[in-house]
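In what follows, structures are represented as structure tokens.
You will see chain A twice below: alongside chain B first, and alongside chain C after that.
Let's turn to the complex of A and B:
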């Protein structure tokens, strides 16, 4: 079964490697490592998982942009390759940070779930068919629900898992309903065929309902307002490494699938002649996310909740990139999502290390971090400034690319232009709460009960420094990522 | 090994790299700084030899590699590298002499605290000097020209804690700046007229025929040809840098710097840059020769300035007592010779003399450095004496340098190059004055050098410092021996019997006739050298029972003349009384004007500013700040309000999602769906 010269086996070799890796992790933990100490089991599980991710990365990179595969169910294009590679890198960083998360029991299960979730995310990034997209999304989501509720020592974690699951269930229902309406309208589940089917009749009330349902589901997936309500609770309650995966790789995969569904699939009804297509809805969601995310973050005293609101605000900016992707291509959107993911994984990595060291979750608990661990403070500095979009870090370049693409759509007077302008304005608000975090970490003096130094595990230190260096490098050489799309 | 024009930049790049490393080396990294500097210089020497091989393959061709440097509006500024025998010979000389002087400095500067900085500055100088040689653009040449000036400033003032050194550095910088202003004006004018400053550019360069014809054909104020005016302005730069009359006053003072610096910068290389510059733009200087109706030819001015400087320097050198000052005025005089040769139409003779002079004058300065180092920094001839017995290597090599400078016949390089200059002056149809001046200077040169060498090395030690002097280590005598070998041997590349250098420099086969045409002239000049040496020996060589306070025999014979010469003809006093006074007067006037008129105005403005600032502050505190604070509070309040709305209740969340779906669907449906 070949299409475009790529066999299904080679197209999905990366995903296969991850599944094999997940099984190997479980099997080894049950046999070889059964009587090992917890630390050794963690090391074994994360090492095996890391190897699986590396193998998958090589396989995915080797297949490259080979064109449609498996009769058009998959689309192996530049976006797919870049997105899969990005997801794997983010998942790999998450795994490296996981090593030594002492609070969590059952290391093998945790790592296996991370690998399974990553598998789902990988398929999402290349799926070009409604059914496949839904299955991949569900595989990823179910794994993530469990990961969010994995910390059984804290009731917040269970609450987070439950909330995530309940809202996820609702959004899955929306998505499935929307997909079935779409199938009913066009008679096909493949994006290309759907596009062909929609080209003629244009927007109908039924299609409008389907569109809103799909957008609501994706709004949930990428934590965009007003479907974002789960995010602060989940980010706060879930184990930090699980939250890192939810905020980074899952977001990147969600945006990849969304842009692939909206532009090649539903591009015909983006903005019908005289009729509002899905573009205005996306614009509304984007505006709501930008406003609620930035203003909500202002009031937070908990670093994880702040990161959640920052994620919502970034989702708004990313939706701008989705709107612009029709004209500017997916390059700016991917660059933004990937580098945002890096910064978020880094920030949650710092949170995770602090969590294990017994530092409280509040922003004020960061006081004197520069004395207690200069490494953590320095890395946090880079991550937070990148989230805030300060040059020369990658976050700035991402914002610049997306806003420039949005402004080119129709100038300052178009909705996208106004939104871009609002987003730039809200960046100033964002700077306030980001700098508040840095002020606590870098300026405020330690209180007497915070005198101890924080020891950072070697794997976490290496991972954080690597992520920080990547952010600086990608900021200085944006063409390294953007070149994939030219 | 070959090095084409495209890769010529590597020659200055090596010392520049060494300077960068040196600047980052902490004070303790003496070996690193000196090692990289010397290694870079040796590397540059090897590359320069490669460039020479390449250039000699086609001596008549100006090889160049041009490229766009940057774009300003529609104007593309192009620069490039230029490889011809002139460049290559100069580069080989600079790197060779430079490397030897770097090695000598290892010994001479051994005790200095700022050893690493010294080598950093030396490398910077070498980079700038080599850059000046290899560029094909007068713009880049000017940049390097100013950089060598900067390096010279830094190195003259290297011992800046000595007030004399600091003052000398300032004087050198300001005096050469006067000449550089002329050079800059000339270059600007040239760029204005021709739209480029590239020397050679496939027919479009400023030194090529089309440009020269246009420049010579244009007449400017006073009946001068445009080429004459621009040429003379460029020559102003050469006057300043090469210590020509009337801007020669800085060069003797520059001897306050460490002696290796005097040898490298203020004898062998930088001061010769003016001669090189005129030789580089020689086609421009020649452009007005064919015109009959101009008031003066550019080269005539060059010859006149050169002749005056040659005589003046030699005369003043007779009455100086500081070793380095004698040599400095000797340098002024020899540079005058070179300018004279340029002026009378033989740039080949000028460059020949430049190259030979670089070797033997570096030798003399290093010899002087060796003496000074041995004699505990005593450099007054009257307080030395009798060093010849204990410093045999220094004495022998200094004697070789002296004979080369004096032009002792046949064996020494200075003889052949000086003869070339004198014969060129002899062949000049315009006037025989330069020749006369040159011949008088020959006698004076031989005389003052005899006086110097007898004073230092012969007789009995006149002070304890002189009595205590001992020969220096091999790291200092080694370069002396090598340079002495060059001072003897190198002359043979330019003898009339085998004019290899001349024919390759000019890219033409020089006929053997030139120097034999006037055999009487050669005999005359040999006779004059013998006269000078004999007179020197007669006056100074047989003195007995002298001590440090003995009066000079010449001062006894002609006290007035000697005093005037010893006071360097009063140039410094004259400048201080005229330009210095005028400057001080203008400065005082400007100061008063500044304080009273402008100062009053400014303080009035300041009052107004203070007042408006006061108003502004009030407005700011009461209106803007409070408003901004209130807005910020409102923004934070909005956040608080909103976060209170999200209370963590899952039912509420689900309801919100459903509500949002309905709202969005209604927006789409009511928004005009059919």
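Let's turn to the complex of A and C:
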């Protein structure tokens, strides 16, 4: 099967490595490691999982941008390669953080589910067909639902998992219904054939229904308002490492699939001639997310909920990048999503170490962190400032690229230009709540019961420092990522 | 009214009924049932378009539906597991009592 220039086996070698890794982790835990202590089992499972992620990263990188594969079902282009590599790096960091987090039961199942979720996300990043997109999305989502509810000892985790599942199931039904209408309108499920079908005049008004349903489902996936209701609960209730995966890699994959579906697939009906296109809908969702995310975050006293509202605000800015991707290419969007994911994984890494040390969940509980653990405070400083978009960190470059691309679309008077300006002003609001976190961690003095030092496990410390260094390096050398797209 | 229109109306009705059940009921299992109804409405769409649409590629709709049914089964399995996880802590399935996370 060499229809598209490359075989199915080589195109999906990375995904195959991940699935093999998941099975190996489960098998080893059931046989070799059955009588080991919990700590050793966790280390064995995460090491095996990490090896699988590294192998997958090499395989994905070696295939590279080989063009369409398997008869056009997959699209291995620059965006696909960059996005798959980014997802694997984020998943690898998540796995490395697991050792420093509070120990849950069933290490092998946890790592295997992380690997399966990553497999789904990887396929999402290259899917060029509705059926594959749906299956990949569901593989990733079903694994993430279980991960969110993984901590069986805490009722909050079960509640987070069930809420995530119920809203996710609802969005999956919307997505499938939208896809079915798209199939009915164009007679095909391939993005290229759909684009050809939509380019013809005289489309049925059912298209508007299909577009709204698909955008609602993706709005759920990337936690954009008004489909964001699950995000604060899941970020707060799920185990921090699972929340890190939900917040970073799953977002990157969601935006990659969304931009691939909207521009190459539905690009013909972007602005709409006679019929309403999808650009105004995306603009509305983006505006709602920017407003609700930034103002909602102001009211939060729990660090994880604050990260969730900040994620909603970032989703709004990323949707601006989706609107601009038609003219500017996916480069700015990918840069923003990847560096945002990196900063979020880092922030959740700090949260998970604090959680394991029993420091908890409020922002005021961070008081005196600079004395108790200078390393954690320093890493948190880098991650939060990158989320806020302070130069020279990567978060600033990402915002700059996306807003510049949006302003170039139609100047100040176009909807995208107005939105970009609103996003820049709301960044000032965002700075306020981000600095509130840093003030608690770096300035506020300790109370007597907060004097003890926090020990950071070695693997978590290495991971956090690596993520922080990556953020600084990518901020100083943005061309390292953007060069992939030129 | 052509058969295709009839099928589409039926599936739209099924979808709406499912959505109302999913949004209005407070029992987690009933919400799950509503979601399944919505998925099946989409499946009906695929079959109808495949059967009555002349331009459609052969068998695409049927294959899509087969996969969608498998996904719905997997989703039900995961959903029931999560429902049981909540039931262990809460001793009932009322969603309005699941309010530990809020703010």
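Just so we're on the same page, the second predicted complex is superposed on the first by the 476 of 486 C-alpha atoms of A that agree within 3 Å, B and C clash if a C-alpha of one lies under 4 Å from a C-alpha of the other, contacts with A are read in each partner's own complex, and residues count from 1 in each chain.
In this text, a contact is a pair of C-beta atoms (placed from the backbone, for glycine too) under 8 Å apart; a residue touches a chain by one contact, two chains touch by 3 or more.
Please read these numbers as outputs of a predicted model, since none were measured by experiment.
Once both complexes are superposed on chain A, the partners chain B and chain C fit side by side without clashing.
Legend: residue contacts after superposition of the two complexes on their common chain; A:220 is shown touching chain B, with no touch to chain C.
After overlaying the two complexes on the shared chain, residue contacts for A:233 are found with chain B and with chain C alike. In the superposition on chain A, A:422 contacts neither chain B nor chain C. With both structures placed on the common chain, the touch criterion links A:205 to chain B but leaves chain C unconnected.
Contact with both chain B and chain C is seen for A:166 once the two complexes are overlaid on the shared chain. Of note, the Cα-centre angle with chain A at its vertex and chain B and chain C at its ends comes out at 170 degrees, rounded to the nearest 10. In the overlay built on the shared chain, the residue A:51 is in contact with neither chain B nor chain C. When the shared chain is aligned, no partner comes close enough to touch A:270: not chain B, not chain C.
In the superposition on chain A, contact of A:27 is made with neither chain B nor chain C. In the superposition on chain A, A:295 contacts chain B only, with no contact to chain C. Closest approach of chain B to chain C, taken over C-alpha atoms in the A-based superposition, is 5 Å. Counting contacts by the rule stated earlier, residues 162-163, 166, 170, 174, 232-233, 299-300 of chain A appear in both its interface with chain B and its interface with chain C. For chain C in complex with chain A, the residues that touch the partner chain are 15, 18-19, 22, 28, 31-32, 35, 38-39, 41-43, 45-46, 48-49, 53, 55-57, 60-61, 63-64, 67-68, 71, 74-75, 78-79, 81-83, 85-86, 88-90, 95, 98, 100-103.
Across the complex, chain B meets chain A through its residues 635-636, 638-640, 642-643, 646, 648, 650, 652-654, 656-661, 664-665, 667-669, 671-674. Residues of chain A touching chain C in their complex: 130-131, 134-135, 138, 142, 145-146, 149, 152, 155-156, 158-163, 165-166, 169-170, 172-174, 176-177, 179-181, 183-184, 187-189, 232-233, 236-237, 299-302, 305. The part of chain A that touches chain B in the complex is made up of residues 162-163, 166-167, 170-171, 174, 203-205, 208-209, 211-213, 215-216, 220, 226-227, 229-230, 232-233, 274-276, 280-281, 284-285, 292, 295-300, 429.
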